[in-house]
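Multiple structures are listed underneath, in structure tokens.
In what comes next, subunit A is part of two complexes: it sits with subunit B in the first one and with subunit C in the second one.
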Partner chain A sequence: MTVEMKRIPGTALSEKDIESGVVLSVQDQLDARYAWDTGVGIGAYLAGLKRGEILGSYCPTDDLTVVPPRVVCEWCYRPMDSYVRLQDTGRVNTFSLCYVTWDVQRIEEPEIPAVIEIDGASPLHGILHKLGEVRPEDVRVGMRVQAVWKPPHEREGAITDILYFKPIAETER
Partner chain B sequence: MGMRKVAVVGAGMTKFVRRALETGKELSWQAASQALNSCEMSLDDIQAVCMGTAPDAFDGIHMKAEYLSDGAGAWGKPYMRSYVGGGTGVFSAIQGWYHVASGLFDTCLVVCEEKMSSYFPHAQGAFLTIFDHTTERPLKPNLLWIFALEMNRYMQTYGISKADIARVAVKNKRNAADHPSALLGDPTITVEDVLNSEVLAWPVSRLDVSPVSDGAVAVVLASEEVAKRVTDKPVWIQGVGWALDTSYWANRDLAYPRYVERAARMAYEMAGVTEPRKQVHIVEPYDPFDYKELHHLEGLLLADRGQAPQLAADGVLDRDGNMPSCPSGGLLGVGNPIAAAGLMKIAELFWQLRAEAGARQVPGKPERGLAQAWGDLMQVGTVVIMGTNQGEERLK
Partner chain C sequence: MTLLPRDPEAPGTWQGSLPVASRYTYGLAGERFFRALKDDGVILGSRCGRCGITYVPARQFCERCFDELQDWHDVGTRGEVHAFTRLYVNLDGSPREEPELIAFVRIADGGLMHRLGELDPEAVQIGMAVEAVLKPASERKGSILDIEHFRPTKA
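The block that comes next holds the complex of A and B.
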């Protein structure tokens, strides 16, 4: 703001202004529903999850294995149609201990979202998932983890077919 | 490069507040009319209008730019809305710049508005849809995750502590105490206050985060001929840059924003800046979270990787330091009405470079400043370099 300006517009309201009816407001709720088609690359990924496999795709030009799989390499723009079965193990790239819901309500036991670099994918290539079977204070960047799958008959071809990733020993594959 | 020179000749801004009485249209008009008044221009002098505003979901209004158009002064004129997430505020200035630099228009009014209070219980709900609908949203993520994950990776990669990062929140909230539009200025806040604030998503605590806000900012851009006629203190846009990284955010280096570097290199080249650490006198990096300011200073090549926290510790980033960073108070202190917050950084450089920033004035007659914003799914960088002269490279 400049010293040239003497009066600054914009009027702050408080909750009380609304509740008391001094300031009027109108409420509405939108009900938008969607059904998203999975497409080719992610369709293959989901089918793999249903079988208990994590798929990536490989670009021979860039020598990159990415996850989730996709049909085009975003770097060289060539088709990326060979899917590769990756391990269901990996390493924690980063994590958080989340104590709030999206609307900032407290939760007692933190959720532990993490980016997990999947074994078989290129370095720093991971997916977003959650960690389980671990105490929050024991989680470390670089920790080895493995997917914990739903039983085969309960899988539906979704990222949630992996319940979470749990810690494993450094040497375990 | 065949572009005309473009100057910022006027700027206006509303207060940033948690919930404003005024609608988005009204806030837009207030900021725009202040900007016009500041350079003694009227809407008749404006040939085109650019609007920056966040997703329609915030307001529950489809085609929000059209809804806002009367407040923005757009009727009967070429009008265009841009949206690149948090990067919008700085990008809309770039959009206004190419409207004028191209020779299509001699004047352009750039208006950025955000009214985040309409969405309840919390505006973060509107952000949930940025996650991939098939591979991420079934995990029920919330927006804080993505920042917490990036902050932790940054800390782990370079051995940075939460206290190192909290200094940024302290600096900005203290700076904002001198900003008459600020929502969260606090002249006495300490690092301990930040560290003791409640943990939301470790390592992110409440005072590491900028507040949800309502507000608007506008600037007037003009060609050289018009600029020299309307003001004796034009502030020139010397360089612009923007770049996008992969939207598969879990497939890239979260410790370093290479998209910011690309955007910065484009802007430095255009501005003829070869030694940014010497030639940029004020920087307004994007600071929706305190770690982001440090992250971005590194991407802007203004600090070595992992070394920006040391600059904060040494006082280099203070208003009277060698490289003042967020002298406005930034998003952490002034507030974060998304698109408006980015354009606030452009307006701050305008006021600073004209020596009109009052209590916030950076000493030493700064001649060049850089504003940067960041957004989309954590992977767009937008950069504008402004100066009291026209810059070097562009004259050739």
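The block that comes next holds the complex of A and C.
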């Protein structure tokens, strides 16, 4: 529809109109702080990351290991049986080359967000993270990768305790 | 069956902040209202002759009959306290010794939400006559805070 519109109604404003005070405005910055309850499963996951471990949880009914750990199985709604320590290696399930930052700045070198199926979890179960130490054109679905961790004293129980995942050889564990 | 245990090392909450910045332009009527407040130090209302209502702050259209409002005029700086509240807590949650007074000040058939000042917090009453105290012209920015506060009208 917009392509056929000759003229878009309304009054267009430029940054100059605002700066010069031709058009009046008020600016504000909300103090939008939040605290998100980690819960039992994600709490254990974050504590695990601080120790340098990726945790999942296991449902014996469905023979399913999910990551991050959940307390209740999302398939059968039964309580999960146990936490499982997974490998810090895996396989790229899907990825994106991202040339725009979260605040809409263009960047030359792309960020490479990827879903990584973690070794030890059930097939197609993985986490979203970033890839590093790899040229954008070399990234492939199915590629083997391993977590690169922050040094222990810098870890804080956050997903960013893993800096990124880097490619490893097909056979390497 | 028991649930998975809580890890005693687990962080209870994940904390962060969202970067939310806003810029609000007032629109056609608002622009004219705040321009008059900034440049001329006056509060503008707009009257609908058909409905017999004077809107404050001034509107572009009558919200009863949708007629375009042509009759804009200075409604003066005086009004009366229609409702008020005493705030004993600051924005950041810290307590206040002296309350901040916030009132809806009725002017003509509308009014403005603003601070009350230059009075004893205990002496505020609904119906009290008040007047706007404006900032000096050089300090006015075209904001509702160009009005410092409302104070009791000097007899």
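As a convention for this text, the second predicted complex is superposed on the first by the 139 of 173 C-alpha atoms of A that agree within 3 Å, B and C clash if a C-alpha of one lies under 4 Å from a C-alpha of the other, contacts with A are read in each partner's own complex, and residues count from 1 in each chain.
As a working rule, a contact is a pair of C-beta atoms (placed from the backbone, for glycine too) under 8 Å apart; a residue touches a chain by one contact, two chains touch by 3 or more.
All values reported here derive from a predicted model rather than from experimental measurement.
*Asks:* Using the touch definition from the top, say if A:61 reaches subunit B (first), subunit C (second), both or neither.
*Replies:* Neither partner.
*Asks:* Mind working out whether A:74 is in touch with subunit B, subunit C, both or neither, as first, second, both or neither?
*Replies:* first
*Asks:* Examine A:24 and indicate which partner it touches, taking first as subunit B and second as subunit C; both and neither are also allowed.
*Replies:* The answer is second: A:24 touches subunit C but not subunit B.
*Asks:* Figure out whether A:46 sits in contact with subunit B (first) or subunit C (second), or with both, or with neither.
*Replies:* Both partners.
*Asks:* For the overlaid complexes, name the partner, subunit B or subunit C, with more touching residues on subunit A.
*Replies:* Counted on subunit A, the partner with more touching residues turns out to be B.
*Asks:* Between subunit B (first) and subunit C (second), which does A:13 come into contact with in this model arrangement: first, second, both, or neither?
*Replies:* both
*Asks:* Once the structures are superposed on A, label A:93 by its partner contacts, choosing first (subunit B), second (subunit C), both or neither.
*Replies:* Once the two structures are laid over each other on A, A:93 reaches subunit B alone.
*Asks:* Can you pull the subunit A residues that subunit B and subunit C both touch?
*Replies:* 13, 23, 28, 30, 34, 36, 38, 46, 103, 158
*Asks:* Sort out for me which residues of subunit C touch subunit A in the complex.
*Replies:* Touch list, subunit C to subunit A: 1-7, 9-26, 30-31, 34-35, 38, 141-143.
*Asks:* Which residues, counting only subunit B, touch subunit A once they are in their complex?
*Replies:* Against subunit A, the touching part of subunit B is residues 11-22, 27, 30-31, 34, 38, 60, 121-122, 124-125, 128, 131, 133-136, 138-139, 141-145, 148-150, 152-153, 156, 179-181, 198-204, 214-216, 246, 248, 250-254, 351, 354, 356-358.
*Asks:* If you look only at subunit A, which of its residues touch subunit C in the complex?
*Replies:* 13, 18, 21, 23-38, 40-41, 43-44, 46-48, 50, 57, 69, 71-72, 78-80, 82-83, 103, 157-158
*Asks:* Considering only the defined contacts, which subunit A positions touch subunit B in the complex?
*Replies:* On the subunit A side, the touching residues are 1-5, 8-14, 17, 23, 28, 30, 34, 36, 38, 42, 45-46, 66-68, 70, 74, 93-104, 110, 113-115, 124-130, 141, 158-160.
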